[in-house]
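Two complexes are shown next, each including chain A; its partner changes from chain B in the first to chain C in the second.
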Partner chain A sequence: MSTFLSRLDPWWLPRALVLGALAFVIFGPLANLLLWTVAEKWYFPHALPLEFGFSYWERVFSPRGNAVESLTNSIVVALLTVVLSLTLAIPAGYALARLKLPLRGLVLLAFLIPQAFPNLTVYVNIARLFYVVGLNGTIPGVVLVHTTHGLVYAVWIATAAFAAVDAELEEAARSIGASGLRAFFDVTLPLALPGLLASAIFVFLESLDEFTGSYFVGAPDVNMLPLLLYTAGAGGNYQIASITALLLLIPSIGFMLVVERFLKVDVLARVGR
Partner chain B sequence: MDASERPFLDLTGVTVSYGSTRVLEGIDLGIGKGEFVALLGASGCGKTTLLRTIAGFIVPDAGTVSVGGHDVTRLPPDRRGMALMFQSYALWPHMTVAQNIGYGLKLRRQSRADIARRVGEIAAMLGLQGLEARKPASLSGGQRQRVALGRSLAVDPEILLLDEPLSNLDARIRLSLRHEIRTLQQRMGITAVHVTHDREEAMVMADSIVILDKGRIAQRGTPEEVYNRPASAFVAAFMGAENVLTLSGSASGEGFAIAPGPFNAGCLVPDLLPTGGVEVRFRAEAGTLGPADAPPPEDGRTLRLAGHVVSTSYPGGIWRHAVRLGEGAADGATVLVDAPHPVAQGQAVSVLLPPDTFFVFPAAGDAPPPASDSRSGDRRRRLEVQQA
Partner chain C sequence: MPSLTPQRLLGLFLVLPALAMVVLFFIVPLSASVIGAFEVEGGFMGGLGLDNIIKAFDFYAQDMLFTLVIVSLSTLLIALFSIGIGGYLTLGENPRAVAILRWLYRWPMFIPFIVVGQVLRTFLAKNGLMNGTFVAMGLITPMQATSLLDWRGIVIAFVWKQTPFVALLVAGAMASIDRGTIEAARNLGASRLRILFEIVVPQVATTLLVGMILSFVTMMSVLSVPLMINAQSPTMLTTDIAFRINAYGDYGVANALGLVSLLMASGVALVYLRIAMRERS
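Then we have the complex of A and B:
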């Protein structure tokens, strides 16, 4: 008993309170969201829904509900954005990591420029431009907009991933007869893969979440999940908004698990170096 | 060597700069087929740069590299028929030992069965049996070094380049691997270039030693030549002749006469040097300690120094004495001399240096700077004399 008391830190109470508050801040809204997805009837002043059921899920996934179309659009756009971003980021990241570019930091900063200006200004202008060339309201148009946004993460993380692969490993392959390309595909790429995977997931999530660009360039022809969420939320339809939000949440949780599983600390440490 | 016949690996006038810094300055080096050459020098002398230039990772600003009469100066590393072994071993962490060793063969599109057979041979030769399925992370330092060596040897390179491959190993493994690498190189008849900063390693492994100093070749010769006939004070110091004295003398008919000084008797050396100050270098084991009143040798070619013992130590096998030369003279020097028996501290002694155990060079102040052309021409003449 005495050992138990001596081991009991006098600070346990404030610490427990802080942690509890933190948990509530994080999980409170999530619990609320989950409740809303299964609430049939819920209004003030009741603390809990009056009726539970899955009828809104049926409405969301019904052929007229737009949700399936939005979900498909969102996923197709996200996947294409990942492909396009990585196609650009792999050579760019490799060059930035390997070549002793004097302006390396500047180049990396340049990718931040789309983020430096208010999104609205940028996307309204892009929308006007895309309208002229006929890209407005098309999937490729939305993919391009998302890529300008996702490229920052893709290039920064790819640079870090390639920088974490020792150049000598590549030279060892070169010296026993591998061409530059062969050494890249046999040695550098497999070793950088966890980092590239992380950048792919980042880009995927960014694309899934992206609203402003999707709204200006995509709507009303290309419906995306965040637009659906916005419409449902603005119309006071919390059930549909919550279900959509839940759909958006699934990939982020998957992302957390993958990061935990694959991403090496030394890759993360080199981001932005 | 026949003048019309080029050495197997031939470097002429190789000059390399990093930015505005000259790292290699007009390196001329010929290496015969099957020869084991050690590039020896302090860190920053350009030895690794020279190796990487041979390997093809650096394109020289000037000069050529040729192999078997073909100019390979601008050929990429993968088309030179060489294999480079790195100080860090650079094993691929995502491949097993067998995959690491077999990778070069896979590149040459050999069949799976052939690769497996060759990998088995190499593993047996290097004592790596049973480790084929392991990843490099689960190997010891010595095992990794063997895998790296096996990976280089598997492709049957014409030239094996070794970049300080033993420096990351502990002393005992290093000694046995020196021997193994040398034996394998001789058995397979591979031409090898070995970069090291370890004098003893270069001595025991190489047929020929190239000593680099500030991007230039200070001397090239067999281990016995560079040890016993260093071409410059730098080489002598690098080869362990750390005791240094500044004396003076004059040119005489058959050599150079060292003048008697406050702590040394006069003596004649065969080197052709101009009259003036000289730098005398010798190793601790070169001299013998005798009583202070020992008579000077009759031959007139033994250098006799007088001093007293200031301290003794026992590094093993012999006793090492620090001897202060000159009785309280301000310009005196302290030298280290070995002897089979300890001599008491404070005892007056004489140090006898028989001919050919000490090296005489023009004093640094009097000599032309080492970078000048006259000096390198002089050195080349010396080399020719040695080769003749």
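Then we have the complex of A and C:
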């Protein structure tokens, strides 16, 4: 008994309290959202819903509800955004990591610009521009906007991923006769792949998350999930807003649980460098 | 001027498509909005003037300050919590607590801002689960329950969403620093708090700053959170911009407010630029 007590760290109580409070802060709001998705009736001062049921789920997924269309649109746009972003970010990231570029710091910073300005006024002007060329209210139009916005993640993480690959491996491949392209595709690219997958994940989620651009460039022709969530919430329908939020939450949490498998410490330490 | 070697040319060629994307779909409309801020009917040289800027300051000076305070406060809190989380993950001596924290802290990281807005709008409301739990625990009476859906709600939402991201970056950088100095300081009897702030944090300062800057500019641009949590005055500039366009179709003042946000964000971006340049040299 005395050995047990002496092994017991006096700090266990504050530690448990802090971790418990953190768990409450993180899971409390999520639990609240889950409750709203199955609440038929809930108002102040009741701490819990008065009636539970799934009638709002039926309304969301009924043929008249537009959740299915919004979900499909959101996923199609996000996948196309990932393809376009990586097509642009892989060569750019390789060049930024390996080749001697003039003004490299400025080039890296340039990709941050789309995140560094309240997008609202920019999207309004893009919408005007797209309207002239017929891209407004189309899926390609929304993909272009999302790609520009997500490029900072794609390029910065791709740069870090290529920088983390030992340059000597590529030189070794070159010295035994592999062409530059061959060395890139057979040696460097596979080694950088986990980091590139991580950047794909970031871009996918960034596209799924994007609200302002979709609103100005996509709506009302291209309906997306965040838009459905916003209109339902603004109309005071917390059930439908919460169900839509849950649909957006599932991929986010899923990716969070696997991201460290792709984003290793050596890559993380180089992000933004 | 360095000469253009074939390698530099290839590099430029590889970066150009991505850069063109940013120029075409961001810099061009951004310039249009900056010019739009100075466009007035019958102004100088066929329509330039300061009317929109003056109007923006007349109507929204309070919201400009409000935005700056909220975003700065959130950034500061994010940095503090990130150092705390990263520090415990690096220096914590109870393996089980470290494992629990590592599993716990990342949950909100990838949750979209619009979902964060909805989730916290339900949680922080008067009849939300937060007040419900406090009442059930006997900490407050139902009469004392207050809604946090004002500036506090916005700060909580920002910190809730952004801390995991910065903490992940910071913890990653902390994990890759040399354990030798930490062990040496520990053997000399330095407390863990002292090791954290005198040895660990200075070595990850660049990563921490990058995370803070990214968070600052991200939060400056978020429309959904202030719109969903607190759209009444005083509120954030993003809400005002949306309001100017939706209610009045007033692109001039909206662009002027956008310009103000741009100036705030570029101040922070300049800090990043200086760090990047210093590391280059």
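Rule of thumb we're sticking to: the second predicted complex is superposed on the first by the 253 of 273 C-alpha atoms of A that agree within 3 Å, B and C clash if a C-alpha of one lies under 4 Å from a C-alpha of the other, contacts with A are read in each partner's own complex, and residues count from 1 in each chain.
Methods note: contacts are C-beta pairs under 8 Å (C-beta built on N, C-alpha and C of every residue); 3 or more make two chains touch, one makes a residue touch a chain.
None of these values were measured; they are calculated from a predicted model.
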{"item": "Three-chain arrangement built on chain A, chain B and chain C clash or fit", "value": "fit"}
{"item": "Angle at chain A between chain B and chain C, C-alpha centres, nearest 10 degrees", "value": "90"}
{"item": "Which of chain B and chain C A:G53 touches, first, second, both or neither", "value": "neither"}
{"item": "First, second, both or neither for A:I253, with chain B first and chain C second", "value": "second"}
{"item": "Contacts of A:Q115 with chain B and chain C, given as first, second, both or neither", "value": "second"}
{"item": "Chain B versus chain C as contact partner of A:G235, first or second or both or neither", "value": "neither"}
{"item": "Contacts of A:G20 with chain B and chain C, given as first, second, both or neither", "value": "neither"}
{"item": "Broader residue contact with chain A after superposition on the shared chain, chain B or chain C", "value": "C"}
{"item": "Partner chain in contact with A:A173 - chain B first, chain C second, else both or neither", "value": "first"}
{"item": "First (chain B), second (chain C), both or neither touched by A:A89", "value": "second"}
{"item": "First, second, both or neither for A:P140, with chain B first and chain C second", "value": "neither"}
{"item": "Three-chain overlay, closest Cα atoms of chain B and chain C, distance in Å", "value": "9"}
{"item": "Set intersection of chain A contacts, chain C complex versus chain B complex", "value": "none"}
{"item": "Sites on chain C touched by chain A in the complex", "value": "2, 5, 7-8, 10-12, 14-15, 17-19, 21-22, 25-30, 32-33, 36, 94, 97, 100-101, 104-115, 117-123, 126-133, 135-136, 142, 145, 160, 168-169, 172-173, 175-176, 206-207, 210, 214, 217-218, 220-221, 223-224, 227-228, 237-238, 241-242, 245, 251, 254-255, 257-258, 261-262, 265-266, 268-269, 272-273, 276-277, 279-280"}
{"item": "Residues of chain B touching chain A in the complex", "value": "55-57, 76-79, 82-84, 86, 88, 90-94, 103-104, 107-108, 148, 151-152, 154-155, 157, 161"}
{"item": "Touch list for chain A against partner chain C, complex", "value": "9, 11, 15, 19, 22-33, 35-36, 42-48, 88-89, 91-92, 94-96, 99-102, 104-126, 128-129, 144-145, 147-148, 151, 155, 201, 205, 208-209, 211-212, 226, 229-230, 233, 238, 241-242, 245, 248-249, 252-253, 255-256, 259, 265-266, 268-269, 271-273"}
{"item": "Contact footprint of chain B on chain A as seen in their complex", "value": "166, 168-169, 171-180, 182-183, 186-187, 190-191"}
